[in-house]
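Once you scroll down, you'll see the structures, which are given as structure tokens.
Two complexes follow with chain A in common, the first pairing it with chain B and the second with chain C.
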Partner chain A sequence: MNKILVFDFRLLILAMSMATILFASAPAHAMSGRQVYEKVHEVRIKSLNRQTEFAMTLFDKGGGTRSRAAVEYCRKTGPEAYKVLVVFKTPPDLKDVGFLVHARTFTDRDLWAYFPEFKRIRRIPTNSQDDSFFGSDFSYDDFGGPPNLDEYSFTILREEVQDGRPCYVVEVTPKVRRKWNRYVAWVAKDLFIHLKIEYFKDQEPYRAGTFTDVRIVDDIPTPFKMRMENVKTGHKTELTIESLRYHTSFPDELFTQRSLERAGK
Partner chain B sequence: MNYSQSKSPFGIILVLALLSGAMALPVQAADSVAIAGRLKLSGEYGLDRQSVEDGPSLSARLMLDGRQAAWQIHTWVEGGWDGTVDEQQQDQTTIKRFDKVYQANTPYLDFKEFYVDQELTGIDCRIGVQRFAWGRLDEYPINDLFNPWDYRQFIVKPMEERKIGVPAVAIGTSRQDWTYQLVWVPWFVPYRLPEPGNRWSMTPTITAGPDSRAMEVQPREPDLPTRTVENSSIGFRIQQLGEIEWAFNLFHGFDPRPVFKTTALTVAESRTGLVIDPGYVPSFQRITAVGLDAATVLGSFSLRTEAAYTINRAFNVRQEFWGYPAVPALGTTSLNSIVIESATLDYGIAADYQPLEDILLTIQAQQTLILDRPDSLFERAIETLLWANLKTDWLNQKIETSLNLAYNPEHGANMTKAGISYVFTDSWKADINALLLHGPPQSIFGRYAMNDQIGLEVIYQW
Partner chain C sequence: MKLLNLLRHISLKHIRLQKAQLAMAIAGICLGVAAMVAIDLVNISVLKSFEDSINHATGRASLQITGAESGFPEEMLDRIQNLPGIEYAVPVIETNASLAGGQERSIMILGVDVLQDHQIRDYSLTDESADIPDPLMFLAKRDSLLLTRAMAEQEGIKIDQEIKIQTVAGLKTFKVRGLLNPEGPAKVAGGDIAVMDVYAAQMAFGKVGRLDRIDVSLLAGENLDAMKERITLALPAGYDVDTPAGRTRQVEILLGRFRNSMGLISFMALFVGMYLIYNTVSISIVQRRREIGILRALGAGRLQIAGLFLTETLAASAIAALLGIGLGLLFAKASIGLVAQSVTDMYVKASVSELAFAWPAVLKNAGIGMLASLVAAALPAIAGARITPVSAIRAHSYTPDGFLLSNRIRIAAIGCILISILCLVLFESAAPGSHLRSLGLVFTAVISLLAGVSLAVPILLKWFIPLLHNLLAVCFGAQGRLAGLNLQKNVTRNGVAVAAILCSIALFVSSANSVNSLRTSLFEWFDSIIRADILVSSGHPLAAGGAPTIPMPGEMLGEIAKLPGVSSVEPFRKGRVSYNGRKVLLEIFDVALRMEYCPAMIATGKREDMASLLPGQDNVVVNEAMAVKDRIKPGDTIVLPTPNGPVRFGVAAIIVSFTSDSGVVWMDVNTYRRHWRDDLVDTFEVLVKPDAEIKTVRQAILDRFGQERKLFALPAAEFKVEVRKILDRSFVMTNAVNILTLVIAGLGIIVTLLASVLERTREIGILRGIGMTRSQVSGVVIIESALIGAIGGVLGAATGILIGWIEVEGIFRLDFGASIGYHVHYPAIGLALLLAIGLSTLAGLYPARRAAGTNIVEALSYE
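Presenting the complex of A and B:
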């Protein structure tokens, strides 16, 4: 009987020691990784009624650059549904080239492109969430996290300060097939937006980006400067927001093929 | 060139009318005015020494858009020096006309588009010189019938540059997933053809005269259909968006495809030698076309298809049946009737596939069924055109390569176009391209079989 009691006592000490070690190595966070990304999605959904003018510079490995400037109109049409019209203003060969997106959810969207010289609207497949954001090094995930949270697992690795802001450093791993195996994102604890992101493909760094010049516009936090590099190719994109308005209420007619042909005018 | 010059002031009246419309839009007070332009220097080197050589061309494009509230004015003007014009055949006018088939202007000024647009209560009304793009296929869209083509440098020019703007009234509206467009082209505008002897001429060339004197071949400008409501063209398109986007097209008007009718071969003496009227003029045929087109996305493929049933389409019989004598004699020789009419069924399908971000592959197959084909026709009862285009961007889109292949299996005719462009800056770009054509003389590509060439273009855009 005593033997049993002695054994139980030792077991209890062992369990307590292990628990102490575990707690010490995995600090308690106020939120889980999944909850962090639920908040990221909330911010994304809040920002869906907007007008943005942006400029993009694409850098190749040899230092060559190409520039684009465009205006984007966005309208929220459902819980995760939205419509977007993007019209390029420069360079000259892209002027008035437009893209129209009708998204039923963050994962399911239709895309059309319009080329004014040809006067033709062309439907474009968008079955991949890894599609580039209008020819840049950005993908849609970079701005608002993965599309369907149930298809990803989230682990908070640590907390860290990035650009003077405390961040959750979250590892995001897809359960579905993506171009990458995982990414690590620095999510601002007070704003729930990405400040830094690093993608890995076959355990090798694949893409890396930063989101800076964060401003609060109409109560919505927004990075005005974004930079993304394809580590494999050395190709980089810098995206700068030149003007931004939230809480817009564009009519549905702005997001039609006729409007696409008229460059949104 | 001494073609019969039409004295119709139609072109001038149209320009003045549109300019008046433009003046009505107070540009100074416009919400926005945008100007864009392009300068292009181009030249070709013919690989076949027997082919006709073209000189270099310099062209400028100016596009101006002014908007105020619901009003918009849009102008697309092109002009410059056309190196394909033979100095001996040069026209005296500068502005490209809307009432002539043979136009050899250099320098030239061409109003590709010039219209005023107003949108009121969801109805969009556009009046002026316009280009349309109905249907879904590339290169030879079946339902795209409003704009005739300029066949000068046919095949070399991209389709959007071949299209001639037509004066038209277009009314369009959208209701949820439905879009409706009604187009009326009140006056007939003919296609433009290169003169016989031009590098891209598509008609038989008379090479031998009755004697060894110098010959000048002067085709006759055709009489155009009178400008009446009965001779206007009209079309209606209704389109629905959805998983499968589809559209119904109805067109009633003049066929934009070139067909000729014979008059009489005339050989006359002049001070410098012989003047030959080859005895054929363009014939303008009214057709009715009922068509459908559709597009959808299937996995990684974007699929496009269209079809049209056309009543009253005209064809020319094989050139050996035109009745040309082996050696033309002085005087007038009557020629045979060369036009036959048949209903046709055209259909085609195309797929775009983007295996990688910078690669786009397009493949397209289309067929024409000639439903009442006589044996005298060069075209078979089924004519097929297979077409593929591979476009690749390299080095941050600094370099663009394209390979374009077309094949007409019924006649073994084919075309290979390959090009490489280098983008120096966002404004400057240079392009080298090669064009190879092969096939029997009357086939779609074989008629230009001597025109294999290497081309160079330098483009500045702003």
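Presenting the complex of A and C:
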């Protein structure tokens, strides 16, 4: 009897060890796709108080390039609410062109633009996350994933290494009508930011982008170089952050229409 | 005796023997159907091009709001956007411009809110529907422009290229910042379109703070009519709220008279073709009298005999209709450009890229052609069915059955003429605005007159030809006398050929006289209102269908006045305002200046009444068309919508003006500026000093402003020449169909004379036997032919003069309400007579050759 008990106990330990080994080596999408994007969202919210100076270069299909530089001020005003002011500095034709965003949530926002030549503030309809980000090939989704997770389904397709970082390759499919049918995102497992993204429309590639030169600034992972291409038109946009400060504290007056007209001065 | 057997054994045999006659008859109906098909297809294509343009431009808009042509305050956009039930409301500026350089192409500028417009129209700045390398720069710069890819390729323009366009502020440089692919709005105006941001367009074209249109889409489930009412109530008086289809309908109404007149003319071509059918069937019956008698003796009923001829006609007309459809397509393709140009000259810009084929229109016209043939064949078929077997089998020389000389026909002829007179009396005696003053009554008068005179032709021939015998003998010797006798022998058949010529010539002469009357009256009126020596505008004064040219700043008046040789400068502005559910033309000028040197043609009131239009008073004058339509007289008041709300204006007098048949209002420029706050000018009318030369002053104007804007400084004399050209161009189609009807009538003469030659084979044999030469025989036939033409020509000219008068009195007065005098165009009458005789003589050549080639021996044994 004692011999049997000892034998059973050893079997149990063996079974437990094997189970531990098995579970330890199992793929880490024990985390679901949705859970991945909840983490992506968290990172995005952490980055809402910031000042950025960035350069944007547009490449047309003929090879021509157009560059611009802008400064962005962002202030968090609620759990998912924020305000943004972007003012372009160069080229001279775009100097003092500005955009103002008042977001109650990531989907519910008001957007205004100011064009000095017209001396007119114009409201921009913002009923879609597919809107172009200030005239570039990027959309708002590209930077921080879809805002309302309940409107999408997330499937981890596989795990892959991208730019030396292990990533979840997640397929995001909207339950609501969008300009695209699905996209596939490479989300860094350790940082929960996009490193690569591919959009599909009618099963054909539509837009493709990469997020590189990732740096940790004030504990917040940030890609300093972003590139997006419209596969259909051949148009590309490259966005490079030149300076970045988090945990800023700007006054609310900076995010008014008057401030927009005065280019933030 | 089955119809099919009759067709197989009897009809086919005759078709083989009378190929030429049948071919002529088919040709006549074919041409008539071709004319109708061509005109219908051209009309449909022109309208479809408007509809497509409007649809491409309006996208998902359910309703469109328009106001004064000079634009309405953009605050209305906020009012509309905030109404419940509105999904999107987007602003639009729509104006014409021209590219400076290259082909100096006329283009439409569409100014849209590019940030929102994709909600309504199917395109976006950031997807495949457009190639825009830098959307942000496009938005930020007010010199940004998008061209259609098609236009850019044609003009050799690339992205980032600068182009010059005429604007209110003069020639301005714009940068092409993108190209639109050929979908959605890029298809408007045949691709001759440029898209700008709406606020950039406002600044460039002098409409700051104003819009031309608001396009509205509604929330799902909203009732269209209820929303239309809601929007109308939210706006001040004078705004139009209509569906895009409604705008097409407005264009359709605008083109209505043009289309109706073209339709009527094409029907006349068929009408003449009916004479041809009548004649052909009549001749066939006479030639087959014996056969008819045999068939009747063998038991064929009257219905079967009539059915035989009608079935033959149906078969022939079906072939003719099919051929007519094909020919009509060719005519339509050949003429579509010309018609589109005429519509552009007179109404609105029309750019038709392709012919719209519409089966219903084509089948309708083919059906009309076949029905008309059956109607034309019915009378002789019934007459043929009544031939008794005994009389048919006995040998008779060809004599008419006398039907067209019968009392019934005489009564019918008189009756038709009396109906025509009655219609005219009713029309003339009816009060202005009465229902009796209708186009229907006028057309009834015209058709009745034509029918009455046509029916009277055999009787007239019978009376007048004997009077011509001596004259013919003196002029042409024995040949002339013989020709006259031959005409007398078969008055019925020859009468139909004369009637065909009569109708064609009547149409020709009436058109010429109407056009001459319009032209003469127009120029008399022009002289009364255009006393300036030079007309200065930024677009050609007669460009693009009266669509507004780019207006010029009012300050230019002072600059022009300072130039050497200039005596005075008067500003002229025009626009359209809504009145009583339609658009009327508002013409604005300096009344004080105009009264000094230019008397207006006053229809009701006195010239001194014009003084009440002087500044400080809210008075206007209206034209006769508007006075008749809306029952306005001097002393009444009318309410016109202005940007600041409706204003009541007193009517000082009724004037003559042909500028618009929907209504013209004259207003002093100071009154206009006070209410409309618009100091732009469309044309500066420059009076030159007596001691200065017009061309020197013109050059000085061009030199002064040539660097900063493209100007047209047109001497008034040249302007009038251009107007004449436009008028002439508008009548090219009418003239083409007139000539077509003459050709059809000519075919009728060939058929008539061929039949005559055949029936006189024995007689010709005898004449040849007794020594008449071939040339003398052919001479007889040619003189007969010329006589038919001459008699038809004279009767046609006389009838045409009457019809022309009816058209001027009825149609033009109904449309323009203006005092257009009737001016007979004598050269046209001379030409018509020459055409009638010439064409008839030409038509007689072939039958004359057949007659001359008659073999004497065969002819003598012919029965």
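What we mean here is this: the second predicted complex is superposed on the first by the 237 of 265 C-alpha atoms of A that agree within 3 Å, B and C clash if a C-alpha of one lies under 4 Å from a C-alpha of the other, contacts with A are read in each partner's own complex, and residues count from 1 in each chain.
The working rule: a contact is a pair of C-beta atoms (placed from the backbone, for glycine too) under 8 Å apart; a residue touches a chain by one contact, two chains touch by 3 or more.
Owing to the predicted nature of the structure, the values given are computational and were not obtained by experimental measurement.
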item: Combined model on chain A where chain B meets chain C, clash or fit; value: clash
item: Partner chain in contact with A:97 - chain B first, chain C second, else both or neither; value: second
item: Contacts of A:265 with chain B and chain C, given as first, second, both or neither; value: first
item: First (chain B), second (chain C), both or neither touched by A:60; value: both
item: Which superposed partner A:134 touches (first chain B, second chain C, both, neither); value: second
item: Touched partner set for A:243, first chain B, second chain C, both or neither; value: neither
item: Touched partner set for A:232, first chain B, second chain C, both or neither; value: second
item: Which of chain B and chain C A:117 touches, first, second, both or neither; value: both
item: Which of chain B and chain C A:212 touches, first, second, both or neither; value: neither
item: Which superposed partner A:105 touches (first chain B, second chain C, both, neither); value: neither
item: Common interface positions of chain A, toward chain B and toward chain C; value: 58, 60-62, 64, 66, 93, 117-118, 120, 122-125, 132, 135, 235
item: Parts of chain A lying in touch with chain B, wherever the complex brings them together; value: 58-62, 64, 66-67, 90-93, 95, 110, 117-120, 122-128, 132, 135, 235, 253, 256-258, 262, 265
item: Interface residues, chain B side, partner chain A - complex; value: 32, 34, 36-38, 67, 72, 122, 124, 131-133, 159-160, 172, 174, 179, 239, 241, 245, 295-297, 299-302, 304, 352, 354, 357, 395-398, 423, 426-427, 429, 461-462
item: Residues of chain C touching chain A in the complex; value: 113, 115-116, 119, 125-128, 131, 133-137, 139-142, 159-160, 199-200, 203
item: Partner chain C, residues of chain A touching it in the complex; value: 58, 60-62, 64, 66, 68, 93-94, 97, 113, 115-118, 120, 122-125, 132, 134-137, 179, 232-233, 235
